[in-house]
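One chain, chain A, appears in both complexes that follow, with chain B as partner in the first and chain C in the second.
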Partner chain A sequence: MLVERHPETAAASTLVLRVADWPGHLAGQHVDVRLTAEDGYQAVRSYSLAAPADGDQVEVTVQRTDGGEVSPFLADDLADGDAVEVRGPLGGWFVWRPETPGPVLLVAAGSGVVPLMAMVRARAGASRAPFRLVHSVRTPDDRIYGAELRRRVAEDAGLDVTWIYTRKAPDEDRRGTGRLQPEDLAAHGWPPDFEPTCYVCGPTGFVEAAAAMLLAAGHDPDRVRTERFGG
Partner chain B sequence: MSIVTRGFRGRREGADDRLPPGQYLTHDFPVLSAGPTPVVSRDEWTFTVRSEGGERRTWSWAELTALPVEEVTVDIHCVTRWSRLDTVWRGVSLDALLEDVESAADFALVHSHGGYTTNLPLEDLLDGQAWIAFEHDGDDLSPEHGGPARLLVPHLYFWKSAKWVSGIDLLVQDEPGFWEQLGYHDYGDPWREQRYQGD
Partner chain C sequence: MAGATYDGNLLAGPLAEVFAAEVTVAHARCAGCGRDSVVAELAVYGPDPGLVARCPGCSDVLLRLVRTPDATWLDLRGTAALRLPT
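Now for the complex of A and B:
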């Protein structure tokens, strides 16, 4: 049941759902959300969990897909108190556990930051593993969780966040615009001999490119975990 | 029993009796992999069948493609809920690869370059149900879709169709593969919606 919704960007909203008997979950896991129409028609989509569970409340962040069947309904139309079916937690590979030692590199494009944000939030207070997040966005307005990440960085020496802008950068950003480059990961990631665990999430083209850059830089393929969405 | 979500109508396009329950139709070809795309050249590619008795049989790329090549048109169904209809593949039937292998095994554990594994009953690889595929829709299979060659078992969810396939172990006892150890179904029949363990 929806208990709260707040906008993250013009295109993305976070939904807080109350799920009876929620067993808890790991950062990086996802849920299947099933919607049923009055005549029995059903549609199911997977969404990454955005934060550790708060009792029986879980958060997902939904990026509206233009013309999509499910995401515009969830992001705009679902009202407080409305019921959806949630199955999960699902997925046991693209996860980070607070007891895992060693540095972590998070690389995301667009709403691919959602499961990585769950890791950033799960780390706070539970682990001292140093985290670096590189997030590729179109414009400054597309920084999902931007304000919270800036606050966390200011309070926490163990967390660094870099935004890569593909269309429009803030005036003070000296990098300018353009897709993620190997130099970006060299400057803002970890060297391979630090043996970071790398999590890469985003659209297929981005994940293929970023994972290939990490391998070319010398990262062990066994420490690069990927999650791709879209075509 | 399902809970009705107030106000939800859905779009219902792509409804088709060739779509298993819970699937939607897509026309592009999404990529799902747990890690980076391994780069495997045809020169170094091999495919090895190992029987439960330890007998090994290995094919090089040249040996594989010298076997009779079949063209098949099949529907494919990914556990992440997309389906594609009438996809065209060229490859070698597993019947041709397994016909000379002496085995009483009931199960298969498929291995990939890069370490991926998946398990399925051996009988699901036989009788014209499975191929080592190396061409898709008229082109060489691209690395992100499993090239140089992948397993193709279209009657099961597509994670069983291991990309970058490197070999098959024939086993007397079932042994769960990569996703199967992480909560996904041992068999994975899309028509019975066997997505996760317990389905």
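Now for the complex of A and C:
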């Protein structure tokens, strides 16, 4: 049942859902949300959990897809108190556990940052593993969790965040605009001999490109985990 | 793999309806080329008319999962073996 909704960007909203008997979850896991229309038509979509569970309340961040069947409804029309069918927690591969030693490199494009934000939030107070997040966005207005990430960089020791802008960069950003390049990961990621665990999430094309850059740089394939959400 | 819309992480929910174990962390051996892949890293197409998971190496189909109104069809003929961590 929807408890609360707040906007993250013009196109993304975070939904807080209350799920009876929620068993808790790992950072990186997702839920399947099933909507059923009056005529019985059903649509199921997967959404990453954005934060550690708060009792029986969980958060997902939904990026509205123009013309989409499910995301505009969830992002705009679902009302407080409305019920949706939620199954989870799901997945056991694209997860980070606070007891995992060693540095972590998070690489995301767009709303691919959602499961990685769950890892950043789960780390706070639970792990001292150094984290670096490289987030590719179109413009400064598309930085999902931008304000919280800037606050956490100041408060959470050992967390670094870099935004890569593909369309429009802030005036003070000397990199300018353009898709993620190997030099970006060399400058803002970890060298392979630090043996970081790398998590890459975003649209399929981005994930393939970023994972290929990490492998070409010498990262062990066993420590590069990926999640693709279409696009 | 070019053209795949998702990966095996997406199979977690649908396969949880069928299996007791978390299958996306299992290793699947491709019956075509012998490559060993984590299920989460298979190239997945779908969800309609059904989910199709292909080998990231040779693109052979390892798994098909189709839901009809009264049944779930699971075709694993392209999977030579599934190794589940215990």
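To be clear about the criterion, the second predicted complex is superposed on the first by the 230 of 231 C-alpha atoms of A that agree within 3 Å, B and C clash if a C-alpha of one lies under 4 Å from a C-alpha of the other, contacts with A are read in each partner's own complex, and residues count from 1 in each chain.
Quick note on the criterion: contacts are C-beta pairs under 8 Å (C-beta built on N, C-alpha and C of every residue); 3 or more make two chains touch, one makes a residue touch a chain.
This is a predicted model, so every value here is computed, not measured.
Asks: Applying the document's definition of touch, where does A:E69 land relative to chain B and chain C: first, second, both, or neither?
Replies: In the superposition, A:E69 touches chain B alone.
Asks: Where does A:D77 make contact in the superposed view: on chain B (first), on chain C (second), on both, or on neither?
Replies: first
Asks: Thinking of the overlay built on chain A, is A:L215 touched by chain B (first), by chain C (second), by both, or by neither?
Replies: The first partner, chain B, only.
Asks: More residues of chain A are touched by which partner: chain B or chain C?
Replies: B
Asks: Who does A:L35 touch here: chain B (first), chain C (second), both, or neither?
Replies: It touches chain B, and chain C stays clear.
Asks: For A:F94, using the defined touch cut-off, is the partner it touches chain B, chain C, both, or neither? Pick first, second, both or neither.
Replies: both
Asks: Touching chain B in one complex and chain C in the other: list those residues of chain A.
Replies: 44, 46, 90-94, 204, 208, 225-226, 228-231
Asks: So in the complex, the part of chain C that touches chain A is made up of which residues?
Replies: Counting only chain C, the residues touching chain A are 2, 4-10, 12-13, 16, 22, 24-25, 38-41, 47.
Asks: In the complex of these two chains, what residues of chain B are touching chain A?
Replies: Per the touch definition, chain B meets chain A at residues 2-12, 22, 24, 26, 28-38, 80-81, 114-115, 144, 178-179, 182-183, 196.
Asks: Taking the touch rule as given, give the residues of chain A at its contact with chain B in the complex, in rising order.
Replies: Interface residues on the chain A side: 34-38, 40-46, 69, 73, 77-79, 82-85, 90-94, 204, 207-208, 211-212, 214-215, 221-222, 224-226, 228-231.
Asks: Under the stated contact criterion, what part of chain A meets chain C in this complex?
Replies: Counting only chain A, the residues touching chain C are 30, 32, 44, 46, 87-88, 90-94, 204, 208, 225-231.
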